[in-house]
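Just so it is clear, A, B, C and D label the chains in written order, and each chain counts residues from 1 on its own.
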Amino acid sequence: MIRNECMAVVAQAEIARNIFELTLKGGLVSEIGKPGRFVHIRTSDGFDPLLRRPVSISSVDEEAGTMTLIYRAEGKGTALLSRKSAGETVDVLGPLGNGFPAEAAKAGSRALIVGGGIGVPPLYGLSEKLKAAGVEPVHVLGFQSADVAFYEEQFGELGETHLATVDGSAGTKGFVTDVIRSLPGEFDVYYSCGPLPMLTAVSSEMEGTEGYLSFEERMGCGIGACFACVCRTDSNEKGYVKVCSDGPVFRDGVVKL
Amino acid sequence: MIRNECMAVVAQAEIARNIFELTLKGGLVSEIGKPGRFVHIRTSDGFDPLLRRPVSISSVDEEAGTMTLIYRAEGKGTALLSRKSAGETVDVLGPLGNGFPAEAAKAGSRALIVGGGIGVPPLYGLSEKLKAAGVEPVHVLGFQSADVAFYEEQFGELGETHLATVDGSAGTKGFVTDVIRSLPGEFDVYYSCGPLPMLTAVSSEMEGTEGYLSFEERMGCGIGACFACVCRTDSNEKGYVKVCSDGPVFRDGVVKL
Amino acid sequence: MNRLQVELPGLTLKNPIMPASGCFGFGKEYAQLYDLSLLGAIMVKATTLEARYGNPTPRVAETPSGMLNAIGLQNPGLEKVVTEELPWLERYDVPIIANVAGSETEDYVAVCERISKAPNVRAIELNISCPNVKCGGITFGTDPAIAKELTEAVKAVSTVPVYVKLSPNVTDVTAIARAVEEGGADGLTLINTLVGMRFDPRTGRPVIANGTGGLSGPAVKPVALRMVYEVTKAVSIPVIGMGGIAEVDDVIDFMSAGASAVAVGTANFVDHFVCPKLIDALPARLDELGIGNITELTGRSHRL
Amino acid sequence: MNRLQVELPGLTLKNPIMPASGCFGFGKEYAQLYDLSLLGAIMVKATTLEARYGNPTPRVAETPSGMLNAIGLQNPGLEKVVTEELPWLERYDVPIIANVAGSETEDYVAVCERISKAPNVRAIELNISCPNVKCGGITFGTDPAIAKELTEAVKAVSTVPVYVKLSPNVTDVTAIARAVEEGGADGLTLINTLVGMRFDPRTGRPVIANGTGGLSGPAVKPVALRMVYEVTKAVSIPVIGMGGIAEVDDVIDFMSAGASAVAVGTANFVDHFVCPKLIDALPARLDELGIGNITELTGRSHRL
């Protein structure tokens, strides 16, 4: 069930340049279930900024009743969010959308996980789920540069982890696809989240393998009512899917790239 | 000189229901001089609320480099201001306007000070000045009810202090003019700040005595450039005065009531 | 008597609060959040004769206290609306106002004729703010004569009252209002969005793929209130007011300005529970204002 | 060469930033805060033939990300402006754009003839958004033919270039723009304020004593950008853009939309140092965008 809750800030920290890790506590956490879903956050009490901001759920601690978000403070809304500290509350609507099907990877198989920039966060919760289900996750994480890279260690604890940075300041110099090409062995399924050009490149690189991609689109309502976030598809007779309610994760091939 | 400064919040406390006392520190304090001047405060970083809020300077501690404001948290802007706490900063433009002429009362004379509601604050700094100059201040403070009354004790330390509340929950039941009528003796000068109906009543009650009244008007710029805050007058050939830059304090009779 | 009840042509509203067209789809999504029977009415998404995909994305952009949208009337088309969307809504005890759009008079007429017969459709909201290719770029909503003709054509076939939705992008909104009143409109709804743009400072390109978009949200409230005020002075048919409503005092203000009921658009994206919250908050606010029935508010400012 | 310099008819601007008319008086107050010679130009308060007291107060009201004003053209009248206000400004090295208002063509002509001869007045800004009693409530700014005639009359007497300030409260702003271009206008400035209202929920009365007021500030920026874009596509005379500018990227956006320079109004009340701050911030922002001279920005969006 979708809830609207003023969640308590448990902790917030800047884990890389302008990248914040925010842990929130509240009843909504019990509704999350799948990795890869998102929440829609109101960042001010007034009308400027007006719209909510969609942010993926990075990971969930069901016992503690908390979830962790990782986001880049860029524009007005995320800058405001980054100023919240423990003890304050955040107005959260969620959980929204459909997440990654962790069950698509069978126990004992290998799954490739490809993240780019602020597309990395939801893959962490996914990888945790995969690992727990006996899948071997292999991570390829792409960032602009070392100073905005994050969670290499955390992913490393779950499995093999490769970094790529555009400027070569950490890991391989280049794109995630450069790394993917160099990886030995086969993957039964892949999962990816990141900017559209990256998704397109990953999708063509991984052609023939079952894949799931998480998309971003400008949103209004976040629940499927306003038609702001549609993408064209050939996979249904309507000719479109909504990123917010049908996605943000779609099987490779569903969204016309 | 008028400055625009991000002043440090030294302390903020709710001293009566929805009435906040805010102490700010900064270089601007050294420019204040007279009591009864005001500052223009930006209450949000965004555009909603947009306009600055005019708030009188209640008192100044030149040694500490601080000034104290007292205001009612009512609408959007003042509500935001009331959430600031020690360590944060407030965007202040000031000091603005012309204050009360404390020098109008000679040493050894008696001055009547009449405040209503959130018109009370600037009279405190005035009374301090008068007392220091050897004037005997007599205070009449009017409030709606006891729970929104403030500073009775502080004024009491400076001189005779009478309270009036509309509902009779503290002091005399009724209006400040009811108290004024009951006061024995004469006054050489009076000073007043409060809602317009109160100023009008006080002005007619005190007819014949030299008086100074502090006015409120909706403001745009706060510095005399936009003509938002004009009042009609017969005292100059232009036919108007601006509350922000010619006032907010005017000699009785200047502003057409 | 229910003090929030409002009677309008074709509509008995439990309360004057309804979601605005395009901000609430056909109700299914918000039905996950609360009971739609709480609402005064529902203005459903614009319906056109044929299904429309709408404009390319980005379709929305945020602006100070507002947003731009250029959805482009995406909808499944008359047939699907009548056979799937509207029947689904019958489970709720709430009158439906069907927003109808088109590019030709014939489209409007065809949609209105059929949709007005749906059992839960109690009124039509004629969306005349869409570019009319036929008239060489002039829109139905900016020319009084064309607006009147369209109203007449639709009135001739509709079996329920017709409310005409006015565009704010005009020199004199009262001229259009009077024209459609003469054309037989049973009521008016206003305002639709103001045409606006936003640019990407890095590239200089418009942010909305369509170039321009419709501005809505609290930013436009002052314009909306002024138009509701002007229009309700100029005509005698009732007005449903909208444009930036987000708080209970906005409802009070629109009704003071002359509206008989109000619609809430953009605010549904900011606070998904805003409609039931407004409905909840009204009685206490009426008490504070010393108002018995909410209908007493309508046009208060004209009587002062 | 100064990369911020902009050449316009009658005006050599050190930079494209100037305070908008009515938000900066005749400069004296802001001169307490910073050196006015920093500014690209100054658009001074509207001048009318006779002194005007203006409207009763309250004259301003806040709205979401905006404000309403109904100052009512308060000003000391032509004589005082020419003998006192403008000479005082001569101490600064800054071109003055004289905003001229009136209710009759004759008033406008008389003011323009005289004020255009003031040594520091380099251009006139013809404010045609004021109700024209003569034309039975139609305003100069909403009827293309009347706007054109007025422009011609003023051009005939003015010794400096004439910029016409357009009202956004029209169905088709390009029609007015083309008409005044035909009438001989040397440039255009836009937008003036959108007509709006705010109510007091307790009483139901309008908050602004005048009833309606003009909406300005960031809330109107999307409408202003759209109109600058449309108008610069429709005419070939330069446009000074305004409406909600508060940040350096707003300057970029107005110029991308087609403006040659910009004016800053309401933001002067929010950040009294906004104009010099924008001027300071421009070079670094141009560097980030890879732009050499600021003039390269003008109309960028049309060339994409």
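Everything below uses one rule, namely that a residue touches a chain if its C-beta (ideal position, glycine included) is under 8 Å from a C-beta of that chain, and two chains touch if they have at least 3 such contacts.
All values derive from a computational prediction rather than experimental measurement.
Trainee: Which chains are in contact with both subunit A and subunit C?
Mentor: Touches both subunit A and subunit C: B, D.
Trainee: Measuring centre to centre, with centres taken as mean CA positions, what chain is farthest from subunit C?
Mentor: Looking at centroid distances, B is the chain farthest away.
Trainee: When the C-alpha atoms of subunit B and subunit D are each averaged to a single point, how far apart are the two points in Å?
Mentor: Roughly 36 Å separates the two chain centres.
Trainee: Between subunit A and subunit D, what distance separates the C-alpha centroids? Give it in angstrom.
Mentor: One centre to the other, that is 47 Å.
Trainee: Round to the nearest whole Å and give the separation of the Cα centres of subunit C and subunit D.
Mentor: So the centre of subunit C lies 34 Å away from the centre of subunit D.
Trainee: Among the residues of subunit D, which are close enough to touch at least two other chains?
Mentor: Subunit D, residues with two or more chain partners: 63-66, 217-219.
Trainee: Touching two or more other chains, which residues of subunit A qualify?
Mentor: Residues 46-49 of subunit A touch two or more partner chains.
Trainee: For the complex, which residues does subunit A have touching subunit D?
Mentor: Residues 46-48.
Trainee: Help me check something: in the complex, which residues belonging to subunit D touch subunit B?
Mentor: Those in contact with subunit B are residues 22-25, 28-30, 32-33, 45, 51, 53-54, 57-67, 69, 71, 74, 76, 217-219, 246, 266, 268-273.
Trainee: Tell me, which parts of subunit A touch subunit C in their complex?
Mentor: Residues 1-2, 4, 42, 46-52, 93, 217-232, 238-240, 245 of subunit A touch subunit C in their complex.
Trainee: Going by the contact rule at the top, pick out the subunit C residues touching subunit B in the complex.
Mentor: 64-65, 218
Trainee: What part of subunit A is in contact with subunit B in the complex they form?
Mentor: 44-49, 76, 80
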